[in-house]
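Same chain, two partners: chain A is paired with chain B first, then with chain C.
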Partner chain A sequence: MKRYNLAVIGAGPAGLSAAIEAKKHGMEKVAVFDENSRPGGQLFKQIHKFFGSKEHKAKIRGFKIGEDLLAEAEALGVDVHLNSVVAGIYFPMKRLGVIENECLINYSADNIIIATGANENFIPFDGWTLPGVIGAGAAQTMMNLHGVQPGKKILMVGSGNVGLVVSFQLLQAGCEVAAVIDAAPRVGGYGVHASKVARTGVPFYLSHTVVKAEGEDHVTGAVIAQVDSHFKPVPGTEKHIEVDTICMAVGLTPMSKLCSMAGCKMVDKGGAVPETDKYGATSIEGLYAAGDVAGIEEASSAMITGRISALAACRKDCYITDGEFEKEYDELEGSINKLRKGMFSHENKGRTDITKTDEGIDLSMTLLTKGYVSDREIERFPGVVKEKGVHPVIECTQNIPCNPCQDACKFGCISVGEDITSLPYVNKASRCTGCGMCVANCSGQAIFLVNDDFEPGYSTVTIPYEFIPRPSIGDKGTALSRGGEAVCEAEVVDIKVSPVFDHTALLTMKVPKDMSMKARFYKGKEAL
Partner chain B sequence: MSRYLDRSADIGEFIPQPDDDLIICRCEEITKGEIRKAVHLGMWTMTEVKRLIRPGMGLCQGQTCSKHVKGVIAKELHISPAELDDLTARPPMRPVEMGVFGNEVESHE
Partner chain C sequence: MRIKEHPIIGEIKKGRLVKFTFDGNEMEGYEGEPIAAALKAAGVMVHRHTSKLDRPRGIFCAIGRCTDCVMVVNGKPNTRTCVTALEEGMNVQTQYGVKAKEADEA
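And then the complex of A and B:
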């Protein structure tokens, strides 16, 4: 029987990172098993730029991170088994029963890292089994892997980061998003993700749930209703929305069945997860859990927890000394702790009582209930300044772990500081050359360039633009506000594309001077 | 996670509800009403309900419906879902054709 030093189950961000780390530290035989035909887990569906800082691969798009991880794993000689279902896991023999090529093949391994990720939650409602009710992950698979629109007009249920990111991707794929709804009273995901959806004109309905999918043999509409404080629909508040697709993004549950099959001690953390120490070691010697299967987090964290588990396995089998382990672990722990800070951290999950940023600034309540910061609220954030000439306006209003803007500006206009969850602020705006690197590098698409001295009576606003077809210079259309309302006519005066912008185009539009702090999106005439 | 279920507790009569025909387990097409009735027949754990009426035994192996089945049972028993054990995790993780099981081969170095 083939024996591996390490067998990793799941070729997502955690699994691939674990395999790479083990190989780098001298483990000879390392395998990764994945039931899918493509490795990378969810990474290959992630077309947006990631958050974090440089060490977390911030501002790189998810699928690119996946490609890099896979190339690295292959270069290091990791044995990647695709279309391979780990059907069973057997302890204490440390054996895996794997279905490959219509055969059942048994492997043994000295160490096993379970990195199977999570699966999507659903909520049952009248008509939820109709074709057209799909998971957000399925929508991403259709759009981003297969180039297929999941529908023409979509209702997104769930305003967490998955719901918001997928809503934006649906818009990019040319679908119409009729609304984003959430039973919670507050938008669950990052405000910047919500804002880029809201400014295109998508309405947000908080404290709303879907009560019915209409249609005979496929979805032809949805009925939503307001919910009370116990999340029960309030009779009489039903609204009909015409859609052909209902997309569910209502949370994830760790796919931890293999852990319990192996006999790990399990605990309940929004679904059963194996009890682990800080290295990901479960109650069973030689068995580790990394990534979402050990508790839902972001892909950026999964890459780190995967590496930590692999290091722990390397230490156990004496590939590295205790001293080496401690040194590397401390570094990784420091790195993951940076991501685990801020108002969206684990400890703050589900909290609805946070009203101020770490800096003591009142949070935008419009952002939490409608998905965008109001004109009045935006003024109080440190990234929003009024200056002569062209300068950045940073509409980043929540403490999220992210700082690429600070590195993007070569002229030192933007600072985040030591703590990557701090709000960015603009210093010495006069140094701004209008290069637009900050606009393109902001993973949250929250930076704009404003020039109030463009020509008498007119200003320009430069926005990040990730839609095709791109407008051309001279095109005339409508400027939309942060909330997606048409505010004035706009003329495209520049459209910049560059490899360093990584597919984010910088669209500069000319608007009347009094609109420079209102206009935040451009809609071409034909699109209206 | 679970505590000892007090089998002598009185959970009352089965009272029909308007959404009893709501499908909970898509793969096996088991409705909320069927699960509730099973509870009133004395099936008080996930395993018992599964053995009687098969929710979680279809294509997805309970990946989607487990949470919902648990919620329905817990509500009927007037307890928190956290007090109910998950289904026992058994191989195979995914549905596997019998022919594949017959094709067991040795892996080689």
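And then the complex of A and C:
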């Protein structure tokens, strides 16, 4: 029987990071098992720029992070077993039963890290089994991995980050998003994710659920309805929406079966998860859990928890001293704590009573109910300033863990400060050159350049633009507001692309001067 | 529909174009992509009908978990088409219950 110093189950962000960390600290035989034919877990479907700060690989797109992790694991000699289903886990023998090539093969390992991630949740409704009702993950898989549109016109159910990010990706794939709905009274995900969807004209219906998928052998429409405070549909509020696809993004449940099979003490944390200490060690000696399987977070923290578990295993087996372990752990703990702050942190999950930012500014209620900040509300945020000439307008209005904007500006125009969940503000003293690095580097696409002195009567607004076909200089179209409504005519006066912008084009449009704080999206003559 | 060009991913890498059959009709797809992707690109929505109530099912999770997309592939029923790579000349059939329609099998 083949024996490993460490066997990791799941080659996603947590698992790959764990294997890399173990190798780096001297473990010789490290294996990762994954049931898929490709490693990387869900990272390769994430085509958006990640949040966090530099140490969390902020502003790098998820699939690139996946490629980097994979290359590192390969270079270090991690033994990656693909198409390998871990079907059994046996303690105290510390053995894995793995189905490979239709054979059951046993492996033994001194340490096992379970990093199996999570399953998508679904809500049942009339017609939910019809072809055309799919998971948000399925939509991502079809369009971002296989290049096939999941549908033409989609209803997104769920306004958490997954629902919002996938809605935007559907638009990028050339699909139409008919609406984003959520039974909750508030948008669940980051406001910046909602805003980039809303400004393209996608309506948000909060306190709404889907009651029916219409169609005989596939979806031809959906019926949505408003819900009361108990999430029950209110009769008489039904609305028909013409769609061919209903996409569900209604949460994730840890895929923790192997943990319970191993005999771990389990607790309920949004689904059954193994009870772990701060190093990811379960109740069973030598068995760890990292990433979403130990409690749903996101990929950035999964990479850190994976590393922490591997370090703990390295210490247990004396690959590193207690002192070395403490030092590295403190660093990683500091790093993960930065991500776990702000209004979207674990302790604030599901709270609807937060009304102010950490800075004491009233939150935008329009953002929470319609997906965009109103013209009146936007004025009160510290990134929104009026200056002479070209300058950034930062429409970042919630305390989310992210600070690439601060590093993007070489001229020190933008500050977030020590705490990466603080709202960015514009330093008036510094001088903006209009380079656009902040616009391209903002993972939330919430930074715009405004120039109210472009020419008499006209201003320019520079927006991040991640769609094709890209408009050309001289094109005339319509400027849309934050809520996606047509506000005025717009002429494209510049379109910048550069490798440093990483596929985010900077589109500069000329609009009447009184529209510079309203126009936030450009729609060409041919519909988006 | 296939995405010809993507603003972020650019050109989506594919294997060579191959022919396969779906319920006896010739179709095209790219070698190595999931059978489900090739079918979806060709507009096929229904992969199987349930055994008791004859209800249609198609792609649901697309990562091999839910088994809604299983079909009869090269005579083998319950093949998860979302995680099974397309090969040239494959015989893909709609699954009724746990088998293909008698007529198709003949």
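In this section, the second predicted complex is superposed on the first by the 525 of 528 C-alpha atoms of A that agree within 3 Å, B and C clash if a C-alpha of one lies under 4 Å from a C-alpha of the other, contacts with A are read in each partner's own complex, and residues count from 1 in each chain.
Convention: a contact is a pair of C-beta atoms (placed from the backbone, for glycine too) under 8 Å apart; a residue touches a chain by one contact, two chains touch by 3 or more.
For clarity, every value in this text was computed on a predicted model and none was experimentally measured.
> Which holds for A:M261: it touches chain B only (first), chain C only (second), both, or neither?
first
> Determine, under the contact definition given at the top, whether A:I60 touches first (chain B), second (chain C), both, or neither.
Neither partner.
> Have a look at where A:L76 lands relative to chain B and chain C in the superposition and call it first, second, both or neither.
neither
> Mind working out whether A:I47 is in touch with chain B, chain C, both or neither, as first, second, both or neither?
After superposing on A, A:I47 lies in contact with chain C but is clear of chain B.
> Taking the superposition on A as described, I'd like to know which of chain B and chain C A:H218 touches: first, second, both or neither.
Only chain C; A:H218 stays clear of chain B.
> Is A:I99 contacted by the first partner chain B, the second partner chain C, both or neither?
A:I99: touches chain B, not chain C.
> Is A:L130 in contact with chain B, with chain C, with both, or with neither (first, second, both, neither)?
second
> Between chain B (first) and chain C (second), which, if any, makes contact with A:E466: first, second, both or neither?
second
> If you stack the two complexes on chain A, which partner ends up touching A:S37: first (chain B), second (chain C), both, or neither?
Only chain C is touched by A:S37; chain B is not.
> What residues on chain A does chain C touch that chain B touches too?
35, 119, 129
> So in the complex, the part of chain A that touches chain C is made up of which residues?
These residues of chain A touch chain C: 35-37, 47, 61, 63, 119-120, 129-135, 137-138, 141-144, 146-150, 152, 172-174, 217-218, 466-468, 470, 503.
> Which residues, counting only chain B, touch chain A once they are in their complex?
My answer: residues 1, 19, 22-24, 26, 32, 63-64, 67-68, 82, 86, 89-94, 96, 99-101, 103-109.
> Residue numbers of chain C touching chain A in their complex, please.
So the residues of chain C in touch with chain A come to 1-3, 5-9, 12, 14, 33-34, 37, 40-41, 45-47, 55-65, 68, 82-83, 85.
> Considering only the defined contacts, which chain A positions touch chain B in the complex?
1-3, 35, 85-89, 97, 99, 102-107, 119, 121-122, 124-126, 128-129, 253, 255, 257-258, 260-261, 266-268, 271-272
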